[in-house]
Every structure is written in structure tokens, then in C-alpha cells.
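Here it is, the structure, as C-alpha cells.
Read from first to last, the chains carry the letters A, B, C and D; within each, the first residue is number 1.
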Amino acid sequence: MSLLSFTYGIFKVLGYDLATFVTFLIDSIVFLLVASVAVAGTIYFFRKYMARVQLRIGPNRVGKFGTLQLIADAFKLFGKESILPRLRDDLPYKVAPVLVFIGLLVAFSILPYGSLYYIGDIFISNSGVGIILLFAVLAIMPIGELLAGISSHNKYSLIGALRAVAKDISFEVPMMLSVLAIVVMASARTTNSLNISSVVTSELLPYGILEPLGLFVFFISMIARASYTPFDMGESESELVSGYSTEYTGMRFGLFYLGMFGTILLGSFIVSLFYLGGYNGPYSSDIGLIYLLIKAVIVVVISFTVWLAMPRIRIDKFVNFGWKYLLPISVINLVLAGFLTIYLGW
Amino acid sequence: MEFQPGEEKGKDGRKIIKVKKEDLLSTLESLKKKGFNHLSLITGVDRKDYIEVVYHLHSFESNEYVVVKTVTYNSKVPSVTHLWKSADWDEREEYDLMGIEFEGHPDLRRLFLPQNWVGHPLRKDYNMKNVQYINMDEDGEDYATFDPGDGW
Amino acid sequence: MEVQEPKRRIPLVGTVEGVLTVFKHVLMKPVTVQYPEEKEYVPERFRFRIFLNLDDCVGCTLCEQVCPNKSIKMETVKRNNPRNKRMIYPDVNFGTCTVCRNCQEICPTDAIYLTHVFETSRTKNSFLYSPEELAMPEEEVKK
Amino acid sequence: MSEWVELNMGPQHPSTHGVLRLKIKVEGEIVREVEPVIGYLHRNAEKLCENTFFCDNLLYFDRMDYVGAPGMEVGYLEAAEKLLGVPPPERAIWIRTIMAELSRIASHLVWLGAYGLDLGMLTPFFYAFDLREKIMTIFVEASGSRLLTNYCSIGGVYQDFNEKIVQEIEDFINIAPSKIEELNSLFVKNDIFISRTKGIGYMSKEVAIDYGVTGPMLRASGVEYDVRKAEPYLAYSKVNFEIPVSSKGDNLARFLVRIEEMRQSVKIISQAIKKLPDGPFFNPKAKKSMMIRMRGEGEVYARTEASKGEFGVYIVGDGGVKPYRVRVRSPSLKNLSVLREIGKNVMIADLVAISGTTDLVFGEIDR
């Protein structure tokens, strides 16, 4: 029983071909909407949380407790005049924010989200090489950032894009190595160790406990991927105004903004899936989604607190950190994972 | 009031050394050798016929304070940037607002006002009715203009 | 006194402590005052809106002289006041008033004085209060 | 490899604290040359002062260092009262000392919060302003205004301290040290903060003296010099405090010196509030109708230790009711001028960190 078969059951009368088509269409649209709303919710939660940490109240004028603030903001962003720089490279300039956001949404649709009572397992794609697909899709976003930085023809944007690329190169390798350790661990327990849901299902003891180093590396990588402080050198607002998104206004900027918060949410889902046991939990397995959400929210809160409490690291220090510390740590982690798997059989 | 070189004590108890413009550099050099390593302030006072230039010197070691005064009739004074780097911006400021030309200053430009500003505001004969407007050109440099339509 | 640099510690421990310190503040009460709904406490010495007692004003122009940025100008008002023969009264431009209290300090008859009223929001360029308007309560001044 | 790009930071830039414009030449990430361009907030307060009465000039001094206004008022009054010959009574001197020290803390707290923002820390800004709000409450209780207090006046202070203000100052003394410690720990315990400040922006003693740098920046370079000790004014000779000095000369040293100064200021206030004498708070010679008739002749230079450094006021009077010439020694201006020297050959991120420690307030630089 899964979300797909649940929907298929409703449209069965249409015949096999049409029903499959309609099922995927409707499920994708629902997913898209839910993901967008979830990202918007993350932004609202961030604003509320930031306000409370900073002894403020936060949005409270539009709607009850300011819940409609984001809709108002979205209207504002849509209504804004989109100012285009005169010297832009037109196509990449316009494609870049969309690329960032699309990459994010696709990544959302690759993850499994556990199950809920009547609906069953919630996923859209259950690819056999889900992990590879996920990180391939995540690699689309830096391209959008780079395009945005170069096509704006702004010195700040250019420096921001260069920083973003330098940053990406230095944490991608450790991140992939730490994911590889997960795959190694999972391979002892499941035949399909590149499929995300089978990796998570095999995770009876959370991998974060077995591989704390991997969790550390991966969490830092997710911070760097979402590019918020301390690793937001690409768009550091106190140095480069807004980095690669300096020249963007209106909804184009809004897409970058959504992309950033979406990445935080996505990163929390990935961290809780791979390292914190995902949708596994005590008692019934029917409420896996709830477990996953609780874990993700905890990771989101930790991310936000780190964001608010930390100063920005300098780009050369981060590159150093990536290559001299994160990479060796992730290699050690990989070796440990192999050791644990082969000799101890955990 | 005629300007007499010499020493006196000011109203606030500071030692004032009055020197002729020709002796200014040598006096300041000898003071710097004595340990007055902090040039605190350069002030120009427009006395209508002449301009008084006042140097406030201070020594961190001995905690002494001395004021050196000189006058100039053609608003030209030798620069002391080679003695104290802090004189750089002070002299630029005094050039900007008071119109004292410091001879030998490496980069004598206006500090606050746009480069093509007309007049020196702290002069007593500066016409404050004559409004100048400021705008920015293509390169991001400010310029002053008398045309109200051009300014903002 | 030489200031001491922080001692070298185990990496990340202090950082985590900092993050926890920030997190602790979630539980604290917000300090925001929701202005239009909650009125903030107005201190005793707080002063803003200038009032003028037309009967006491003798038209001595001292307030005009002492006003640092020329917010006060004298204006002729036809009014029967035996003490004010020249019939000139101050008007105040609140757009430039800095509430320096000099007018209140110098007024020989205490005719001009500052009050706690501060909600004088106006649209642009209508900050000039004529002497009669200065004598009215704020609610009655229609701009 | 000498291809540089000219980058224009400011006047509208998140980290230039107002309207500083830095013309920098960058080679990749490394800044090769810095040229500060200033004057965007220029109002020529010196000329304005020539056209107003002695008592009104105070207003323009409030607007110089607007984050710690009473400190500036004290600086002007030191000079003006000497010129006019109306010394303040004992109680006013102590009240002014308290206000000057409170404004020093207020100014340092703004700097602390803004420095956090420069480095990307969003939260300490609000904690710093939360503590600053307590000082603002004291200011508003004492003077009626939060920011531009206009509290001191020639010959004393406008209004006396009452019991409520004393009570609030005592409350502040009680909570301030722990809050300052908390703020300090948020910064110095953080490894990234240390890596951003330690050894960055080194300024040697010679450079600092040569450029006329004063205040915490000078003390962080190893010169134990403070006008409060070197040429005591107000009541500073009657209170115990220490001058924090560091010989390191880097960003971290400047940071720590300012933090320590805040602690010392709290100490000074707690002593001053105990020693606050009774008596008149206003010199009767300067009361009311005398305001616009005070005449001064001669010339006076007075220097005070403002939060940014040595704040000097030079007033020349010609016997009229208005000063003939007012000249202000702005500490931030001198502190900014050294940026040309210490901002060279660092990374862009470091340039922001260095210009953050110079503690710029543009009301005072451009005057």
C-alpha cells in the first residue's frame, strides 16, 4: 500500500493507462503543493523562531499569529517590478532562479516520507538508484547560483558566485564520502543499498549513532549546501551585499529565498532519513511520517539556532577546513563504516 | 592686532607657541624630535585679513601638550604630512572647508565636499545664500552644481 | 591593565555553548512593545508637543531668537491681549523642531511649554502649527 | 598576475555603518588598496555653530556621535564653560560623569551588535540592544529624550537626578555585568569568531601614533593612554578605574579592550552613584534669561575621552554671543584614516571585520 496505489485505487475505473497517468499527475501536483507549503511553513517558522530567540515577537499582524504573512509577502514579491540589469546575459539570468527552485522540488520528490494510516507509504519515485539521483539533483542548484552570479554582470555577484563554487567543490567530496559510508553500512542489511527507502528501512539503529563523524560531516555539508551562516560566503550580506542574488528583485529573488529555506528543510529530511532513523520508530509503523517530521523539525531548529548564533567563516578558511579536516574525517568515517560492517557485522 | 612670535599661556592653561610661517616647519620638526609624536588637530581660523593656523601637539611619553600657532596672509602653509601621517586628512579637511593650501601635500583634494564645489564654507566671506546642489555622475563621483534641477 | 585573550579550548565546545546560550533565549519574554495597542510608559520628563498660552504670551520674540534651527517664527494674530501690544505670537514647525526645550527655558512668562503629547503624525509638509493651533489640544488640530 | 578589479563598497552597503564609501582594488579576494571616501553626511556643524548661541550649539554636538550623545555634550561643555567662565557645580559634575559613562556603554553596545552583524552573527545585535534599552530608559527618564538627549547645558544639567533615575541606574549596574559577560561569551567562545579576529588587522604602535589614532584602537595597540587619566576632567580623578590595554593590536585585542572598557564604565558608574553629592545642579550664573547673553572671549581647547577616542573641541570666541570658530577633533575620522594602512593586503571579508573594529559613526566623522 502506498500513496500511488491509493490514488490508483480511486481512478481505477479509467482503465490502466489513463489511471496511471492521472495518478502520477495528481500525485506530483499534490507533492509540489505540499512541498511549497512546507517550504513556506519553514520560512514562517524561521521568522517566528528567530524573533523569539532575539526577544522579539515576529510576524503577528496578518492573520492569526501572522500565519498569513507569507501569503502577503508572496503577493508583495509578485507585485514588485522586476528590475533587470542592463548588461545581463538574458537567458541564464532568467533561468538561474528557476533552476535553483526546480532542483529543490525534484529533490523533494525523490525522498520517501514513511507511511501514514490509510494512505500508506508516501513517495513519488522509488528509484533503485535513489541516492545517486538525489545528489545528482542537488548538484543542479550550484549551477543555478553560478549562472546567476555570472550573468548579472555585477562585481559582487561574480565574487559571490566564485565563492559559492569554491565552497561547493570543497564540501561535495566529503559529503559524498559520508553518504558512501551509509551505503556501505546498508549494503550488509539490504540487497538494494542505493534505494533510499530500503536504506532507511534497514536502519534499525540510527546510523548517526554508529557514525557520529559521518553525521557531523553531513550536517556541515547540508549547512553549506543551503548556504546560511556560518557557511554563506556566497551571499554574505555584510560583505558582498547579497552575493550572486544581488541583481535579482521581485519573484526571481523570491525563488532564491525559497530555494534557501527549501534546502534547509530538504537537508533536515535527508539528515533525519540517513542518520536519525528516518521514519522508523517505536510502536506502530503506520505513523512513520510523524516520526520523520518530528526528527526533521528538531534538525531544522538546530540548523536555525546555528544560523543565528554563528559568525560567517572566511572563504579560504572554509576551503581549508573542507579539504584538510572534513575530507580526512569522512575518509576515516568510511573506513570505520567498512570495519563495522565487515568485522562486527552491525 | 599684530601677530607677535613668542610663547604664552592660553585660557585653558595650554602652552601656546607662536611662530612665523617661515619658522613653522623647523619648530614642528624640533618639537617632533622632542617627542611630540601625536599631531592631534590642525585648525584654521579665518581672521578676515589673515588666517591663523593652529597645531595641537601631544606627546604620549611625557603627556605634555603644546599648541603651535602661525598666521598666513596668502592662505598658504607648508604641509607637515611628512612628519605626521595624521596631518594628511586634517590638511585635506582644512583645505576643503577653510581654503588653506598646504604646500607639499601629496594629495590635496577636498575631503568632504565634491571636488568642484565653489568656495570654502568656513571662510567668513562665504556666501551662504548661494545654494549649491550635489549630484552624482556616471562614475559614481559627486559633483556640485548651482542648478536646482540637476541636484537632488 | 592588560586584557587577557581567551584561553585555547577544545574546538567546537565553546561554539556549542554559544549556540545553547542563544537557544535559551527562546524561553524568555519578548521585549517588544506593540505600540498602537499597548501604550508605552511615558516618562515624566518626556516632552514633545509645544503648547502656547495665548493670554500669557507677551510677544518678546525670545523663543524665536533662541530656537537653534529656526523652527519658531513670529506671526501676527489679531487678538485682544493687553500684554501683547504688537500682536505677534510664535508658530512652530514641528518638522524641524528638535525638542531642545530652549523656548520653554527662556520664556519669561512660561507661555510656551512642552507637553507629553507626542502622537502628532501628519502628512508631509503640514507640520507648521499656527499660534491658535498651538493653543488647541492635539485632537482638535485638524490638518 | 596583477589584474585587479575596482570595487565600490558603499555608500549604500550593509557593512559600512552609514555612509562610508570604500573604493577598493581587489585581486581575486584580496584587497590591494583601500580609499575611504567620506562626506555623504556632511552638515558642516562647525559653520552651524558659528551662527548660533553658545547654549544652542549643544544640539549639534548631540548629533555628532548620535549613539552616545551625552558623551559629546560633555566634550563641548568642557570647552564652552571654560570659555564662558561658568563652571558647573559639584553635583552636575558627577551627574555628567555618570551620563558620559552610560553613553560610553551605549555606544560600545551598538558597536558590539553591529560588529556581530558585520561578521554574520544575527542574534547578539538584539541582546546588545536589549541592554542598551536600559540605558535609553535612564536617558529618557533624565532628559526626556532617548537618543539625542540634550541633557547637559552650560553651567550644569537641565534637570536634576531624582530618586527614580538613581534607582534605575542601580538596577542597570546590577544587571549589566552579567549581560556583558553573556554577550562576551557569545563572541569569544566561538571558534569561528576567534579565527575571524585573531591576528587579523594588525596595527602596530608606531602606525597608530603616526595616524593619530586614539581611544580603544590605540590602547589595543599597546599605548596606555586615556584622557580620563592623562588629563582628568569631570570627576574622573576621584574614581578608581583601570585602562584596559593590549599589546596584540589585532581585531581581537580591539574587541576585548572595548568589552573591558564597558566593565570599567559600570565600575565607574557604581562608584559615582554612591558618591553623588547633594547640592545645586545648575550654576545660577547660567540660568534662564542669561542663556543668550553669555559672551566668551579667547580660545579654549578641551579634550575628553569619548567612546571612540579623544574628542577635542577648540572654541575661539571674539567676545560675542556666538562663537567665532568651533573646531572639532573627531576621533572616528582619525581612526578611519588608518584604514588605508591596515586595510591593505587582506581579504574582503577581513576588510569588513577590520572596518567594524574601528567603530565608525558617521555623524561624527562628517560632522
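In this section, a contact is a pair of C-beta atoms (placed from the backbone, for glycine too) under 8 Å apart; a residue touches a chain by one contact, two chains touch by 3 or more.
Given the structure is predicted, the values throughout are model-derived calculations rather than measurements.
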{"item": "Chain located farthest away, centre of chain B as origin (C-alpha)", "value": "A"}
{"item": "Pair sharing more residue contacts (C-beta pairs) when A-C is set against B-D", "value": "B-D"}
{"item": "Rounded Å distance between chain A and chain C, as computed from the means of their C-alpha atoms", "value": "50"}
{"item": "Rounded Å distance, chain C centre to chain D centre (Cα mean)", "value": "24"}
{"item": "Whole-Å separation of chain centres (CA-atom averages), chain B against chain C", "value": "38"}
{"item": "Shared interface positions of chain D, touching two or more other chains", "value": "123, 127, 130, 186, 190, 192"}
{"item": "Contacts with 2+ other chains: residues of chain C", "value": "15, 18, 21-22, 25, 31"}
{"item": "Multi-chain contact residues (two or more partners), chain B", "value": "none"}
{"item": "Arrangement of touching chains [line / ring / star / complete / other]", "value": "other"}
{"item": "Touching chain combinations (by label order)", "value": "A-C, A-D, B-D, C-D"}
{"item": "List of chain C residues in touch with chain A within their complex", "value": "15, 18-19, 21-23, 25-26, 28-32, 34"}
{"item": "Of chain A, residues touching chain D in the complex", "value": "50, 53-56, 155-156, 159, 163, 229-230, 232-233, 236-241, 307-317"}
{"item": "In the complex, chain D residues that touch chain B", "value": "8, 38-39, 42, 44, 46-47, 79, 82-83, 209-212, 223, 225, 230-231, 298-303, 310, 312, 314, 316, 324-325, 327, 329, 333-334, 337, 341, 366"}
{"item": "List of chain A residues in touch with chain C within their complex", "value": "49, 51-57, 60, 305-306, 308-310"}
{"item": "Residues of chain B touching chain D in the complex", "value": "10-12, 14, 37-41, 43, 45-46, 54, 56, 60, 63, 65, 67, 84-86, 88-89, 93, 97, 110-113, 121-122, 140, 142"}
